[in-house]
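Look for chain A in each of the two complexes below; its partner is chain B in the first and chain C in the second.
Moving on, here comes the complex of A and B:
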């Protein structure tokens, strides 16, 4: 069955979401994936637009889309479609039993692994951070021997950021895991597995309970279960009679794993087929239309046909764009990306400059229908649309818009292929 | 643009993104394993500088889930296998069973050559278990071991009368089908004949070497690879396609040989290699697949073996089996079964293997399916062992649907 209505290349958040949208509208959808998609290790939250180009925090991300630069992907999609996309995402999370919270029109401030706050838009209930600002006692919980989360650093930074009348304390839970040279370091995933067990649950509650006062919120690393549901959160909140808030964290982050599982589950229920390890190496474009794409493995090339194609292969990190000295290319349709020949002009001298990075904004240029354009401004193929991180014109890191651009452009592309504007 | 296959063994392509850790079933089951990123690419870089001393490598089951999820195309599991083989050059083996499990063909040959050999061997396995001889050898007493057939597939094959057709394939049966489940090989011939394909076999084929590589006997695997490569290339030169009905044999012959060894002709024959169901799916794409089925009113649950998933061919069984009228079939989609060929038979790995497979077992039980379906022989054994539900090869389902 190498022919589909919509063929999606890439199974990160934009590829999976586009698949869900098209499959919901009755299309036969196939995903060609090479690797699991960087979504798996990401924070699992939907940042839509956190800061303006000038670095001012955004209150209403959908409204602020009206002011973005014309080359920004949001300028091509428009805020009405953006809102539809985000609401559809919320609907999917609801149906899958892992409802996200938040509104497309309001940013939330969520704690990070170092005790700062970052703006985000739609988050799982495990990151419902509003309570942090309302509650008088904050208890930061770390785990002895767990890597990459330092409760004392979080506490210190929170004290700088929050009202001084709050009590902010830390407590380290003893895991009592076997520990030594012959065993693996302990990550958030290991702790999440432990909290899913009866023994882990009981031990956590016993150790933490004495430190809970009236009106306490717990801040902890993302360890509240590996699957897209709220079983661990709900049972702990019940037994401890307080709220728990996970911070956004470093890979391997279980929050991204939960989101991946949820989107895959939704897509598969609707008959989306995923061909794994399918390395797409090229495309056949005839008379301005893409006929097929070609995969290659250790055996032979295979040709996959479709009426419509969505390119969701990601940026340089995900392998969707290939960087060489003085050149940047999209490798499947072989689109040359216009960059300065002198590599030093790709970036500001200061890596952590207080403005967007130049290299971060490089990507495939598209027209207002997300159809890729050559360096000369000609359509590459009229039945191909580019979504997510491959797109040019935005710096997700600076403006906090990564998963938002992915969802919103994916929605626009898939819905347009299904005859919706 | 072609993939430079020789270049595939490059740990520096790893960006340390940790995706493999999130997906590795063994990492999830035990903290005794450092995880694919660490034992694979990270330590491979160090191994270039210092001598290797990493007993944790033994925990990698070579299921290849890490390779499947890696966005950078790093052959993580193969890096692990190469390091494991180096390790055993200078370190003693943990268990006496390693040799036996890695050389399953030797055992199969011996047993099926003796009169009543299989009866005594199967009896031997149960007596061995009863007296805990298996335990002394390092084989778990808790797993259901493969039993031996009274007649090998090659012997059965010779008795089958085939109609000659222009489309011809050579079937690499592999040890499991040849010595343990010859009926699956017969199913293949019957189903292929129904689809106007003539099946040839070659008695000179030897074990593909997959269990040898996983067990740390790469030098033995190299000898077998040299033999098989020459034979496979010769069949392809004669115009035959190659099919396998065991996904581990298939993966070994077409991919792992190219990653591990350097014999002439490997990529040429690999271009003509197919999984047995994939080959039928190709016929379906061409419009020549025979769908003259009688209805099957049963409920099946399909488990995709890890070694099939990593072949980039999708789920050909889930394309073809739903074409049978009346059939109810769903994919388990519950990850690795845990057995990984011979991994789960080892005494010190059995518990890990059962833990890895526990999600799949629960899924099979909850599905209320009459039968499990999977392309891999040891996956089927593990499915039966863990869930109590019988499991069969998709070729067997097709044969029954054809009423053969």
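Moving on, here comes the complex of A and C:
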């Protein structure tokens, strides 16, 4: 087994981004991947910090990082590094021909699939929502047999939330998919695939065009192509002479898939090797340093060696942290996380409370260099760094900070291993 | 002002049973329920149709009633009953003497208890602990509480019996010591009204004391809380009981694709439906003796309800109070034509109703006999209707929809899909609920929340516990023409928070993973909590 410079466990957004950063600096990088990862079901947008701890909307996320509490991952990274990380992400999207828009210093309000808005920071051009607030006619488009998008609900709630002088109407595009009525449900993925075809494009334009007035913006589910480019968006905007805006929506997420493809493409061009179906079950730590990690398949165990390790296995949902009765554990380095013994103390009585959810903030504690600590506060291994969702100290749902924490901590970890920051 | 002969207070099994019985005897009756039908005790239980075996040793009367009613309900309520059987098993912890006494008692009560060789028992129920020493087959079964209630009401409706849900009784009126009517308030509109009547029957379960109090009377109901665990697996194909003196956490009941383990017994307030982690872990420890791999099974949720145990002795508690029922004629306390029905068991709800109605009829001078055991709750769908159902519903959904909808609504749902095929889209994949079914039930005047749809259709009761069907069901009802669905955020929160209540005490393993997904969708992606703020 050849040894890599940096071995990354996990192929979500933080693992992939860390790989891109380290590979850019000439490191030999391997990613151990197990399953598709949660990135593909996420929304593909970069939430950095949408709300303060008190629930006030944040205008400038990088500036607001200065006020987070000391256990928050952002407090360990610092806003200068955060800004570098986000700008590097923008640069990568540009190089990949799928430029994201926005600034680390300003939040945007993105329409959602229930017809309200959420704050986010960096988004693909398909979600350039500023136009929604400026345009006088909004046309919400649904598709007759597509599952998981209700144009009626979006329209109704947009009317409640936007200026009353706007005209907000809905229109349903007929798909006429042969398999639609009998065989299976139609998802946003199917519609995206259809819009990539000549026939789909023409049919969509023909149906929608008569409803476009001067000064119209279209709001629709995430269906503007499966790949990380703007071909579908650009051609529809040209043929319809109006802007199109995709909403933040439920899985399966076309937008998350585009982001996954883009990061993978960038990483592969830089020689990052992704080893699939590699379920990491343990690590060998000798004299305070990690020597290797062990994967387990159907038939055998394998050992992967590296100088540096990045743990990017995700949180409870991703499987990077395992919850049992009265116990929470990071399973690879076997780190016990300090939690109450009684499960009812892990959460608030209300799921959607007006404060951070308790269990959401559970995770691996790290020092200033993102090196994992045991419950007693000792370093687990000096050449291991933890990034992304497995980190303790934040609630990505309440704050709207998920992909932001992932990118920023991944950047810090990878750059530090390359002798920076 | 409304007028009727009898007002029945309480839409649980006892109340609906009385409504149907009275209606079938030709007596005008209105049932008023403060919440939704089956909101309280009658849904917060195992869903066990007792064979009587559990009571054979201690209470032969109750055991005999159970086996008699079990036989009747398998017939008249066969759309609500999953006619499995039950197996009583003795673990090394349980006494052999009890087993002998139990076999003898079952025989005396007319309950079939057939010894089952252990190799055969393990063949039938492979997950049983191999430490189990003996096993018997009995005629227990699983029963769907919500469905039984709605079908009983549908049957009463055919005979003119009226049901008003979300209608709270705010007063009981008397003239010269005799009941003359009740004051009511609509919970959603706040509108107040009166029902003039000749007789009031309180079947308010754990709240019977509170209802009697409105007439200045005292009824000693001792609510005893029981917690239940729903597992996301069919751990067993038959009801499994422990062969010992009735105790906590010793019954497993399979329902569709899940299994329910119960229960505990803790004195509590009538409306206490909370569950603590400690109650769950204590039950798991006991359940482990029956199914040794119990910790490997995924829990879906936990829930709790109170038993309305009646006690003439105000100090009697928990299991020492009688499981039998009493009908208190408050003429003895100075108010004529007012009766409180307390205690009892779900399995014997029809028999209780029969006995109560016999007494009421005598006082009202009605000679008509009880017919409730002679007629099915709902008619079977015709082969023609089932043929149409099978043509429009996805895979096995036809049978499920037929049994939960009843004929009239089944036909409506079929018509909806026949005219608009996309209405067959599944809103809830776990429980096979179509968009057409959601629209049909949502348009019923008894529907006010997505939870009401859930109790009628099983929407949101499966593996994902509402994560996906919350969006779809709210999207489906969030229309201008649906008067109750004005506030999207309220609809989401009402539904998702009640699902959360059952997950919170068991926040480990995949339950916690799923809740992370729920929050990622509704909080991170859709910003449900931050909905009021823009810019």
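Operating definition for what follows: the second predicted complex is superposed on the first by the 415 of 421 C-alpha atoms of A that agree within 3 Å, B and C clash if a C-alpha of one lies under 4 Å from a C-alpha of the other, contacts with A are read in each partner's own complex, and residues count from 1 in each chain.
Simple rule for what comes next: a contact is a pair of C-beta atoms (placed from the backbone, for glycine too) under 8 Å apart; a residue touches a chain by one contact, two chains touch by 3 or more.
Quick caveat, the model's predicted, so the values are computed rather than measured.
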Note to self: Looking at the superposed three-chain arrangement on chain A, would you call chain B and chain C a clash or a fit?
What the structure shows: fit
Check: So, does A:282 touch the first partner chain B, the second partner chain C, both, or neither?
Finding: first
Notebook entry, point to check: Now for A:61: first (chain B), second (chain C), both, or neither, which partner does it touch?
Noted result: neither
Next item on the list: Report the partner of chain A that touches more of its residues: chain B or chain C.
Entry: C
Checklist line | Which of chain B and chain C A:40 touches, first, second, both or neither | finding: first
Margin query: Looking at A:73 after the superposition, I want to know if it touches chain B, chain C, both of them or none. Which is it: first, second, both, neither?
Written below: neither
Margin query: A:317 in the overlay: touching chain B, chain C, both, or neither? Say first, second, both or neither.
Written below: both
Next item on the list: Considering only the touch criterion stated at the top, classify A:251 as touching first (chain B), second (chain C), both, or neither.
Entry: both
Checklist line | For chain A as apex, the angle formed with chain B and chain C - C-alpha centres, to the nearest 10 degrees | finding: 90
Next item on the list: Return first, second, both or neither, reflecting whether A:228 touches chain B, chain C, both chains, or no partner chain.
Entry: neither
Next item on the list: Report the closest approach of chain B and chain C over their C-alpha atoms in the superposed model, as a whole number of Å.
Entry: 6
Next item on the list: List the residues of chain A that touch chain B in one complex and chain C in the other.
Entry: 251, 317, 319
Notebook entry, point to check: In the complex of these two chains, what residues of chain A are touching chain C?
Noted result: 42-43, 47, 50-51, 55, 57, 109, 112-119, 144-145, 147-150, 152-153, 156-157, 161, 180-181, 185, 248-251, 315-317, 319, 323-325, 342-344, 346-347, 349-352, 354, 357, 359-360, 396-398, 400, 402
Item checked: Complex contact set, residues of chain C against chain A -> 276-278, 281, 421-422, 425-426, 468, 471-472, 474-476, 478-480, 488, 492-493, 496-497, 500, 504-509, 512-513, 515-531, 533-535
Notebook entry, point to check: Where on chain A does chain B make contact in their complex?
Noted result: 1-2, 34-38, 40-41, 177-178, 182-184, 186-187, 189-190, 193, 251-252, 256-257, 268, 273-279, 281-282, 295-300, 302, 314, 317-319, 331
Notebook entry, point to check: chain A touches which residues of chain B in the complex?
Noted result: 1-3, 5, 15, 17-19, 21-23, 27-28, 31-35, 38, 55-56, 67-73, 254-255, 258-259, 267, 270-273, 281, 284-285, 309-315, 319, 331, 333
